[in-house]
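Both complexes shown next keep subunit A, but they swap its partner, so subunit B is in the first and subunit C is in the second.
Now for the complex of A and B:
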């Protein structure tokens, strides 16, 4: 029942999306309001329909409906309720449905909130939004259907000996068998002795195979009577019966152990929200290109959506790092793995867009560039999804073998070609020309352009290392290569340094032109504070490493510029409005959310940067075997191996746990329990760590004596300042939240400029 | 005769003594030198896990995609680490060990290819793109310079967002100055 409900509602969502595409396109061409409203209603309907489908799947997971093959794959009777719910995105099929649901949610929100204010763009917005939703619904229904069920049906096996066949006879037979495999779920196999078999085919197919065998000259054909064959199918096969539920429950696989972690529960939805949210700026940009309304309307409509998506994408990346740190057991949070990089690429282009779009809003410049960036962001989202879900990352050839590889590749190629084509068409017609030209190299717009160039270069360098070089090498040089941390640590640091320098300077520059003198004066106090910070970090970490100190300096400067500018704003309010510090800061953020929220984001990125530098350049590690009671001095701490425990958890996993005491001098700081979990299919190494703002003492249990466990081997990392990364993430989240919060429009256009200035309280939105 | 006999005995005795000394010397040599010889084929000190991990950190096993060898948990990776330990004990350097693995399994086992063509393709492309981008940026700057006179005549329209941004800054500076 649940499977049918999910299947029908998903199918209806596809029908609604297709109708919305056709109707909205017609409405755009014929300027028909009635048809447009009908298209909007159909588009809105996709969300409740997909929500129903997703709820049906969740109910199936919660109730243990193991006849649904997805439920059987990602849960079992021992799976806790919480993980049953999160198993919705625990595997490809469910996560694609969840992805599509979130996309329809964003589409729903954009159509509700932007309907009145951006009516002119709506026909094409609906067309593009629903085209993307419809594509993913096709994937869900026809390639990765989570509502498929297990069925038992009477099939036949046909076996024969082909050892004596000629090459021609074998070719003829293989043609039949290849067609058969393409058409059905039949198992075709052979043995070294030359006996081959086709199993689980229906009577018609069995006859077809038998005829082909006879034609090929094989007479020794063995055909079994009917046997019970199990198959997952969307529609009920002929003469099929449902398998025994108890048997299915006994054999159900359960959720991938790696996904049983808080970070992994939250990380995918955050990342998906970040990914799918980018469809809104993309759809509005495409609508602007298609409709010819190339004013800043599409930017005003999408800025907040882009910020919200960026926030989710940032959170997804940070939570993914935290999950890797806690669960993957390698002492780090970012491995420059192609899957991680695939999520980072849209973030880079999206961040460039968020900066660049301000120039178009305020100066009417970079119109074409912004179009490229917004389309590039969405294109990177689709490419990243394609790369991670199609098997491309495992092997450049694997994606073609994956069911969704080819459709996703073509979809990505088509949207990119159409988008770029539309941009070039409008550009050729002279409709994307800038309103102003750049006046000064030190103007804010120039620095923003430089910032954009660096973001794009980072994108290119990371894309090249993750996908470009491995794919080109494999396709054209027939060599498999891996570009690992070594490559990325060589190529990306100069670009990150440049970005941080710009982050320190650009907020102090003015639109149009900035003098060096003014910039220098504005930098004086932040520079002084940064020097103090660098000295403090040098003393704390006992370092004189010029590279590290330079890194701290440029990241610190960016942060102190943000803090100092906020301080100056609050100080000005205190003076002009007579407010206390708390009230002044609160009012400052409340009245000019975009500016001061942005500063807070910069501060968050600074804190993250300091954490990255500290934990990368000063990480220490060692691997030691300790006897029970033996201690080890490492990184200023003493670690003692106390005891070893073996236990079985409620979910059936076997745990080997080491009791470890961490101390400093005579003071015991913590008792930690690094452990090794053994699930039926997969081992996991869970770290134990003693965390402070200064560092993480991070211990992994990597080996032990099987019987007595009198000695155990530990891998120990000292990760200085690593917790700043998570704190920086929280600051970034607050900053983005403030910047994205809707603001009342202050209308000053009727006032004279002087009156507007005098009446407007400081800190009002600019 | 007696004298001769004595002399012969003395010579024989001296020879016997010399022979004895030689044998003792050989035994002493064997006792002390052989362990030294044996040490030539064994490490002067045992290879530590940290030394193995330092090499393994720079390598990837072809089975576990993109997971560095030092943290890869599979049995295959464990065997590779043990092999690295043996090679280090044999006195091979990190580069020699990596090259030996590359010769057997291809360039995908290291973080940056060792093959000169692949290495150049991998490492030179990003800087080339950066140089092109910088050249384009330089060209744009030159265009700005040419357009500067025109641009300088363009004023920020009052009431525009850029103007309001500048207004904001002006008011901020004004308030801060009045405070002093």
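Now for the complex of A and C:
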């Protein structure tokens, strides 16, 4: 039932999306409001339909409907309820459905909130949004269908006696089977009987294989298999019957234990929200190009959507890092793996976009550039999805190779070509000319442009390292060349440094032109504070390493500029309005959410930057075997191995836990429990750590001697300042919330002549 | 449809048509940045480039001996030896043919083919990853030493166990079997 419900609603959603594409395009051409409203309603409908489909899948997961092959793949009777629900995005098929659901949710939101204020753009917005939704629905329905079920069906085996074959016959057997692309199952019917077979094929195929073998001089017979054949199918195959779910349940493996972590549960939805959210700015930009309304309307409509997506993308990246740090047990959080980079690439372009749209809004410049950025962001989202889900790139992240590679690649190529074509067409008609030109290098707009250039170059460098070099080398040199961590560790730091420097200077510069003197004066106090910070960090870490101190300096400066600018604003309000500090800061953020929210984001990025520098340059590691009661000194801490416990968790996994005490001097700081979980198929090492703002004392239980574990081996990492990364993430989140919080009334501008209709109750004219 | 009215008055800023000497400054600056970053990318590419080859190529082509490269292979479970006190891992990987379509199937075939080409791996200083097990795909960075042992510095693992999981197994689902 659930599978049918899911299938039907997904299919209806595709029909609705296709109708919306046609109707909205027609409405845009003919300026028909009736058709447009109909198109919008169809577009809105995709969300409840997909929600129903996703709920059907979730219900299947919760109820253990193991006949659904997706349920069978990602859960088993031992899976707790929470992980059953989150298994919706636990594997490729479900996550594609989930992804499409989120996309239709964003489309729903944009069509509801921006409907009145941006009527002129709406027809094409609907067309583009629904085109993307429809494409993903095609993938869900025809390539990666989560509603497929297991079916038992009466197939045939073609069997022969392998043991009696001569060497020459074996060779011809292999040739025949390879030509037919037929797989064999050896030793059918018990070990050592020497019987091999091509099993579970339909009659026609069986005859074909037998005849080919006969021709090659091998005697083969068609027989009924000892057991029924099982196959995965969306629709009921002929003569098939449903298998017993109870028996299926016994073979289900359950969710990969590595994914049973808080960070892994919310990291994918966050990333997906960040990814799919970028469809809104993209659709509005394309609508602007298609409709010819090239004012800042599309930017105003989508700024908030872009910010929200950016926030989710940022959180997704940070949570992914946190998961890797907690679960993978290598003491790091970012490995420059292609899949990680694929998520980082849209973030880079998206960040550039968020900055450069300000210039278009304030100064009417960079119109074409912004179009390229918004399209580049979405294009990077689709490319990243394609690259990671199709198995194009060998990565540690275990997405299986899949058939969706080709369609995704073509979709990506088509949207990119159409987008760029539209931009060039409008540009050629002179409709993307800037209102102003750049006058002075030391102006805010110039510094913003520089920031954009650096972001894009960073994008290019990371893209080249992750995808460009491997793909081009295997295409043209017939030899795959990959770029390892060394590449990224060399190429990215100079560019990040440039970005932090700009983050320190740009907020102090003025539109138009800034004098060096003014800039210098504004920098004085932040510079002073930064020097104090750098000295403090140098003392804390006992370092005189110039690279590290320089890193702390430029990141710190960017943060202090943000803080000091906020302070100055509040101080001015205090003076002019006579407000108290709290009131002044509150009013300041309220008055100019975007600006001060942005400063808070800058502060968050600074804190993250300091954490990254500290944990990358000053990580220490050691390993040692300790007897019970024995201690070791490391990084200023003392660690004592106290005890060893074996326990069984609720879900049946065995846990081996080491009790460890961390102390400093005479003071006991914490008891931590690094452990080893044994899932049926898979051991999992879970680190114990003592976290302070200063560092993480991160302990892995590596091994233990005999059952009583009189001695155990530990690997220990000291990760200085790493917690700043997570704290910076929280600051960044608050800053983005403030910047994205709605303030102004919806501006009803650029109404189409027929816009008055929209003020009538909807549906009045349908 | 006019431009939004909140735009700053035109006279405050330079009109588009005027092309001053400032433009060249931007152009030169931009070219300098571009040149610097291009150099950065090229030099880092040279430093970080690793041939990504198969076990077969590593063993049969002498040009790769001693060079830092990346290889990928299927882990043979029986060969995994782990000295946890000194953090030494030894195991062997089998060649995965480069033209596979289904990775999990290719891994399964590689480990079960007694004739597949294998190479021993030696890694020091790394905790045995949880994913290091039979039929996992190992992606390693390192070099082949004179004794034919691959001295690895980096080990990544991937376990697409779909092949085994993808089918519940016929004997179990057969009612009454």
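As a working rule, the second predicted complex is superposed on the first by the 671 of 766 C-alpha atoms of A that agree within 3 Å, B and C clash if a C-alpha of one lies under 4 Å from a C-alpha of the other, contacts with A are read in each partner's own complex, and residues count from 1 in each chain.
Here is the rule we go by: a residue touches a chain if its C-beta (ideal position, glycine included) is under 8 Å from a C-beta of that chain, and two chains touch if they have at least 3 such contacts.
What you are looking at is a predicted structure, and each value in this text was computed from that prediction instead of being measured.
**Student:** Based on the superposition on subunit A, does the combination of subunit B and subunit C result in a clash or a fit?
**Tutor:** Taken together on subunit A, subunit C would clash with subunit B, as the superposition shows.
**Student:** Report for A:295: first if it touches subunit B alone, second if subunit C alone, otherwise both or neither.
**Tutor:** second
**Student:** Under the stated touch criterion, which partner chain does A:480 make contact with: subunit B (first), subunit C (second), both, or neither?
**Tutor:** both
**Student:** Identify the partner contact of A:250: answer first if only subunit B is touched, second if only subunit C is, both if each is, neither if none is.
**Tutor:** Touch partner of A:250: subunit C, not subunit B.
**Student:** Once the shared chain is lined up, is A:441 touching subunit B (first), subunit C (second), both, or neither of them?
**Tutor:** After superposing on A, A:441 lies in contact with both subunit B and subunit C.
**Student:** In the superposed arrangement, which partner chain does A:350 touch: subunit B (first), subunit C (second), both, or neither?
**Tutor:** neither
**Student:** First (subunit B), second (subunit C), both or neither: which does A:622 touch?
**Tutor:** It touches subunit B, and subunit C stays clear.
**Student:** Which partner does A:465 reach: the first (subunit B), the second (subunit C), both, or neither?
**Tutor:** both
**Student:** Looking at A:64 after the superposition, I want to know if it touches subunit B, subunit C, both of them or none. Which is it: first, second, both, neither?
**Tutor:** In the superposition, A:64 touches no partner, neither subunit B nor subunit C.
**Student:** Have a look at where A:73 lands relative to subunit B and subunit C in the superposition and call it first, second, both or neither.
**Tutor:** second
**Student:** Tell me which region of subunit B runs into subunit C after superposition, given the options 22-30, 40-48, 148-156 or 166-174.
**Tutor:** Comparing the options 22-30, 40-48, 148-156 or 166-174, the clashing one for subunit B against subunit C is 148-156.
**Student:** What residues on subunit A does subunit C touch that subunit B touches too?
**Tutor:** Looking at subunit A, the two contact sets intersect at 329-330, 337, 362-363, 394, 436-441, 446, 450, 453, 457, 460-461, 464-465, 469, 479-487, 490-491, 495, 512, 623, 683, 685, 713, 749.
**Student:** Using the touch definition up top, name the residues of subunit C that touch subunit A in the complex.
**Tutor:** 1, 3-4, 7-8, 10, 12-16, 18-20, 22-23, 25-26, 29-30, 33-34, 37, 40-41, 43-45, 47-53, 70, 72, 82, 84-85, 87, 101-104, 125, 127-131, 133, 139, 141, 154, 156-162, 165-175, 177
**Student:** Spell out the residues on subunit A that touch subunit C in their complex, using ranges where they run on.
**Tutor:** Touching subunit C: residues 72-73, 150, 152, 200, 225-230, 232, 243-244, 247-248, 250-253, 258, 293, 295-296, 329-330, 337, 362-364, 391, 394-398, 400-401, 433-441, 446, 450, 453-454, 457, 460-461, 464-465, 469-470, 479-488, 490-491, 494-495, 512, 623, 625, 681-685, 700, 702-703, 713, 715, 749-750 of subunit A.
**Student:** Residues of subunit B touching subunit A in their complex?
**Tutor:** 48-50, 53, 58, 60, 62, 65-68, 70-71, 73, 106-113, 115, 117-118, 121-123, 125-127, 129-130, 133, 137, 140-141, 144, 147-148, 150-152, 154, 156, 158-172, 175-176, 178-179
**Student:** Okay, in this complex, where on subunit A does subunit B touch?
**Tutor:** 328-331, 335, 337-338, 361-363, 393-394, 436-441, 446, 449-450, 453, 456-457, 460-461, 464-465, 468-469, 472-473, 477, 479-487, 490-491, 495, 510-512, 568-569, 571-573, 575-576, 592, 595, 621-624, 683, 685, 713, 748-749, 753, 756-757, 760, 762, 764, 766
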